[in-house]
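So, here's a batch of structures to check.
First chain A sits with chain B, and in the next complex the same chain sits with chain C.
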Partner chain A sequence: MSLRNWAAAALCTLGLALGAVPADAQKAGGTFVYLVQPEPPSLASYLSTSGPIGLVAPKIYDGLFDYDNDLNIVPALAESYEVSEDGKTVTFNLRQGVTWHDGAPFTSADVQFTVMSVLKEVHPRGPNSFREVTSIDTPDDHTAVFNLANPAPYMLRALSAYESPMVPKHLLEGTDIRSSDLATSPVGTGAYKFVEWKKGQYIRLDKNENYWKPGLPYIERIVGRFIPDASTRTAAMENGEVMYGAYGAIPNIDAVRLRDTDGFSVTTDGYSMINPMALIEFNTTKAPFDNSAIRKAISLAIDREFLIENIWFGYGKPATSALSTNFAPTGLYKAGLPNYAAKADVAGAIAMLDAAGITPDANGIRATAVLDLIPYGEDWRRAGEYMKQAMSEIGISLELRYEDVPTWLKRIYADYDFEMNINYFYQLPDPVLGVHRHYGTDQIRQGTHFVNSSRYSNPTLDALLASGAQEASATKRAEIYGEVQDILAEDMPVVNLFEMQFLTVYNEKLKDHATSALGAYGPFDRAWLDE
Partner chain B sequence: MSHFARRIRYVVKRLLQAIPIVLAIVILNFLLLQLAEGDAVDVLAGEAGSATPEYMAELRAKFGLDQPLPVQLAVYLKNVMFFDLGYSFRHEMPVSELILDRMMPTLLLMVATITLAVGFGIFLGLVAAMGLNTWRDTAISIFALITYATPLFWVGLMMIVVFSLNLRWFPTSGMENFAMFYEGWDRVWDIAHHLVLPTITLSLFYLALYTRLMRASMLEQAGQDYVTTARAKGVTENRIMFVHVLRNALLPVVTMAGVQVGALIGGSVIVESVFAWPGLGMLAFEALFSRDLNLLLGIFLLSALLVVAVNLVVDIIYSTLDPRIEVS
Partner chain C sequence: MTFWKLFARNRGAVVGLAILILITFMAATAGIFFPEDPFSLAGQSMSPPGENGFLLGSDSLGRDVAAGIAHGAKTSLLIGLLATLVAVCVGIVMGALAGYYGGIIDDLLMRVTEMFQTIPSFIFAILLVAIMKPSIESIVIAIAVVSWPAVARLVRGEFLSLRNREFVQACHTLGMSDIRIMMGEILPNCLSPVIVIGSLMVATAILIESGLAFLGLGDPNIMSWGFQIGAGRTLLRSAWWVCTFPGIAILLTVLAINLVGEGINDALNPRLRERS
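Up next, the complex of A and B:
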């Protein structure tokens, strides 16, 4: 251990001794068991943004920032930052005395390596988040200077432990990052240390005694359990065997029942940086969906409130634009756009189809199509059944297709062998990170999943997206994205259905678990058990 | 040639015969699995969110999925010859390690289930046959019919509702208490405690089968000439039942148990899923949906070997139960 580490450890101890622990009744200790569903393929959050990895890895790794529930930046590994006048230099002042779980010191070299050699190279969204970063200078161990080609205001929203985890240079440098052992035995700077992964059963993390936040974490041990059956997950929650389940681990039908049971609560907090949006993609290269009129008619004919009320038990908000209303605080969301109906406007839809010359045949059928359903659960099948019903009212005859995940991914994103596809996308905390990939011409990337599979291409829109990414002024950005939303409401390459609200169900013995905007993908360093 | 030497020869011969069968099973499985759309890379990349085509090509090359099919098959066969089941790219672990890890829970559940189902089934069948057409017989038959006809997942969930949620006698799921991490005898007790509900659920289904089989078999044997002979000789009814009839009636039950040991590996997927029991069935199920073909082939190979081995054991038990059946 170096002298600095000793100093850090001493400081931590001192912090404890001086009563840095708040005066509330937070209790230390205990084992917190929660649901991780499904079992993650690895814990390499620097390689994969897969949901279940996000449930575990951010408790082990830290980001430069965390974000509070109002999306304000909360310092994490970076204590402070400055953006230069022209927006092309961002300087992060790193926290001193932070050590990796193996005892090595965390320095600016780790930040440089993480961003330049890991996130920009192998992370699914990293190349986009850090695309303007040309180099990172490390004038000393605690300063990292990001040099940008153009201003990148969205980058500051992508620095959480979930989105951009800081990984140890000394363990990854010189190895093949994609096949490093770090994937299954992670070493971070976070509140909890990885201990054991029993395949098919659980992942166990223990408290990091040298965590840089004095007095934290309170919980002694975290265990993420894998329970394949949804009903059993609910039973385990009711029985007190697990205390927390997020991202629909407890299906809505059970969640609303637990909500009304003593000792359990349900929250929709903790998803605002994820921003999931349910939607329908179209194959815009083939008739009849090459005509924007039919896409707009479909959007009008869907009773979004009915979908939310009856299939998602009231959790969700009708979509009113291509952007989620969660972008309203940053001014990017535009209200009052046409072609988005909260309640079905069947007459309007039929009028639109008639005007476009899409007329019914002798059987009253204007078009037939196969609707593919995202294979991520029963709710989507119900949504498909609703769609079949609703579309028959405007003369569109749908056939439903439900396949397993690999078959479906290949069909939609590699073979483009589909007509309509019900799906959902994470819009993430900035449109550049989560929305551009759905509409840009440069995002028609055959074989890449969750990008522009509609193959919609509009040079005007492309230009707007490019300038929106680089615009530093908030008002100008709002104007640009206003135009983007106008165009998308008119062309409707994708019908946005509703802003999804995932549910987190928890045992009320668990306190202070929702302190980060990242919710279940957050660090859980301030959570404690009242038992 | 002594009886013992003959038996050894027989076992060796049967084992040699098994080699081409297992080989054929491996090749058939390999080819069948190729029919599934999409591959492991699609699933990994899909879960990861966005991944570039270059990255996916790189992964395919790393997994050997870019090779032509015959080459992939040849490589796999060669590895299997040397007892190397390959590498699971999804779990980033050798297949043999993964399978071994899940072997214990599977065997626990399998042995407990077979013991309970066969033991209890034989007992119930015996009771039913001895009290033919009495209320006992009717009650047992109705019980068997109901347990056989009830879907496993429903029985499992009802078990959880009754015994975990309402009575709080047993935990809902898992193999151990993960809040405590017991050690030593406490751990053994904890695992046994977790084993109760899945075993009962899975046994109920098989129990019905053995009960019916045992009952029918007992009745059939009871009408045989040797029973009349024994009775004429003045052997007591109890001795006829338990020594003469029972022994012969067991043969079909043993056959059935042998066939089902193999099926139990895969057939327990539902119970493993409902009770989050970390067995091979669940592993195979997940492997299929993530197109982890190396892992799936490994599990198939293991169950093929198991079926071959169990059949051999059954044949040997036959000759013990009924000395007239010679191994040759």
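Up next, the complex of A and C:
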């Protein structure tokens, strides 16, 4: 045995004897650089649900809960909870000994303030998530009792650090919440502390030494980099400068290539709480789309598989209902509905138009319309170009319109000056949170983005949605949403195209980053680097 | 010497003219050789050149790149010519008035011209197209708006130097109206540099249009070379042909127009006639 081998053997024995270092042990330390695309407007996750904020803020703030990849509740700031018999009182037992990054203790007063004065007031989705919460009692520092007007089972799915971050009362109380400095220098209870934001370049977070999960986090420093150009982002990933890019930061075409490259992996995990759905909204108040037959015909004539295969490189699932199949585990999704074709059914679409009396003129044109395209990148333009071709086969002549984001938002959600619009919505972990806003009469809110711009109004559906929101029994809820999906498959104010699968591309040196259902919007407290 | 002989002395110009004629022919016959809509999903997506019946390959949606280039030639030439025509007309009117009348009118018009010249032209064009909705009209208008000042300054200079010549004074004594002197007498005498600058402007206009389409500000309903390159940009590493061939088309067209422009300049500019 040579000296070197002997030394190696001795070291191995020593390692075994100590027993502390199994083959795949988490290593502490290191700097983790990831892509934040685009640069966030602020880090005020309590004010805005804008995607890039979600990439950074949940590492600084905690929620009452986290969720695992099967959407089970994982305790975070709330150690446990109890729901009363009638569903109208929810008691959270808060973790003891948690401090804010500035050293102040975290108490039930922070929870009360966050929900009642911040999330219910200024958060885009908070007023909906906490709509039934009438008051919060704080019998002691570690107990928060939510008093509800009606049972709200969906509320327990909206308590993540991304959706409902707990914010410090002592820094926000008495200030104007919308313009607080906390937006750019956040103070949370999370695994990482905010250190520095270099505009146009990066955001730096350092390990929170006093984090309430013992021994966590492993990573010493997190840097979120802003790289505006897509091919530069891909290059940075390839040369190891950044290790992680989610929400399409790396375009699908490059992601597919990196998937087949050693040292890189691609995953679609970590988006089940987001549940994105690509779709077409119609202006149902005027011709030609005031007739449900033409909307259904369009749904039939779209080759959803072609879209997924050629534009999104195979990542996506054809839509089969108003709800995503991700709702199947909770029993809310209904399969086997009509009018959602995976492959184009042109003959069926034409028969439907003929039956409805929408007949072609001398040039073979049955209807003309302008199709607005969501200005979020090239993929959507390609989808629009596909739509134009596909619709010409059933005699619908489309003109494409592509504008900048503010003009487009104003046109669709404030002026209602559109006919059809390609878009995508997050369905979120419960239909009450993400789907109701699309169809309810009370969601026709002129000027509010991403709500019922179709202006579809159906009292039967409204009643079903209202009872679905309050129903505590899972089987009864499933029945209610089954009916909702039947109605929507027949009326189709919105044509769902496909369940989007966002891609996360990562360097394989990064481990345990996908431990939360929130994926890139998660805390990253258990991630570590194998370098 | 005839114009053609003068022009033909410049070999490059003749080559340029030949390429230009070829491209014009391609644009004119696009509908015959490629009767299908260039946006039609013609077959297998991302086919390399020569496979699946695609001469120059197909893009991510299975659109024929060759058909796109042929139909795009029409768009590029049309936009180039139209935008130049508008810019030259506006430029001539502004320059002629400023140069002929001088004084306050000259000051006023030239300050306006300078205002336009101080804004970087491509950024100005982006701004204009973004404000108006991207369509073929708005693109022509945007290109014309950023291109006319050069013509105006050139025409003004020519008018300034010609307005005190004897033949113009003779016209005055004959009692001709200002309009008639400007349009009938001075303008024909300064047309040759205008033609030269106009021919070069066609090339710039094509480049601006391609740049706008590349940035996604083209008319989404009309096939153009810039659109093809913009659409193929993300595919560059897996399907090089999608943006390479339209790129070559732009290169050749702009080069050809520049060569022709130089040839015209050689032929029309008396000071260069003796150049060998």
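Note that in this section the second predicted complex is superposed on the first by the 507 of 531 C-alpha atoms of A that agree within 3 Å, B and C clash if a C-alpha of one lies under 4 Å from a C-alpha of the other, contacts with A are read in each partner's own complex, and residues count from 1 in each chain.
Keep this in mind: contacts are C-beta pairs under 8 Å (C-beta built on N, C-alpha and C of every residue); 3 or more make two chains touch, one makes a residue touch a chain.
This one's a predicted model, so the numbers in the text were calculated from it and none came from an experiment.
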item	value
Chain B versus chain C as contact partner of A:386, first or second or both or neither	second
Of chain C and chain B, partner touching more chain A residues	B
First (chain B), second (chain C), both or neither touched by A:42	first
Partner chain in contact with A:257 - chain B first, chain C second, else both or neither	second
Partner chain in contact with A:399 - chain B first, chain C second, else both or neither	second
Touching partner for A:357 - first (chain B), second (chain C), both, neither	neither
First, second, both or neither for A:378, with chain B first and chain C second	second
Which superposed partner A:336 touches (first chain B, second chain C, both, neither)	neither
Footprint overlap on chain A, where chain B in one structure and chain C in the other make contact	231, 403-404
Complex contacts: residues of chain A adjacent to chain B	31, 33, 38-39, 41-42, 47-51, 122, 124-125, 127-128, 178-179, 183-184, 198-202, 204, 223, 225-229, 231-232, 235-236, 238-239, 241, 403-407, 409-411, 413-414, 426, 437, 445-451
Footprint of chain A on chain B - complex, ascending	36-39, 42-53, 55-56, 58-59, 62, 90-93, 98, 101-102, 105, 153, 157, 160-161, 164-165, 168, 171-176, 178-181, 272-276, 278-279, 282-283, 286, 289-291
Complex contact set, residues of chain C against chain A	37, 39-41, 45, 60-62, 130, 133-134, 216, 220-221, 230-231, 234-238
Touching residues (chain side chain A, partner chain C) in the complex	230-231, 251, 253-254, 257, 306, 310-311, 373, 378, 381-382, 384-386, 388-389, 399-404
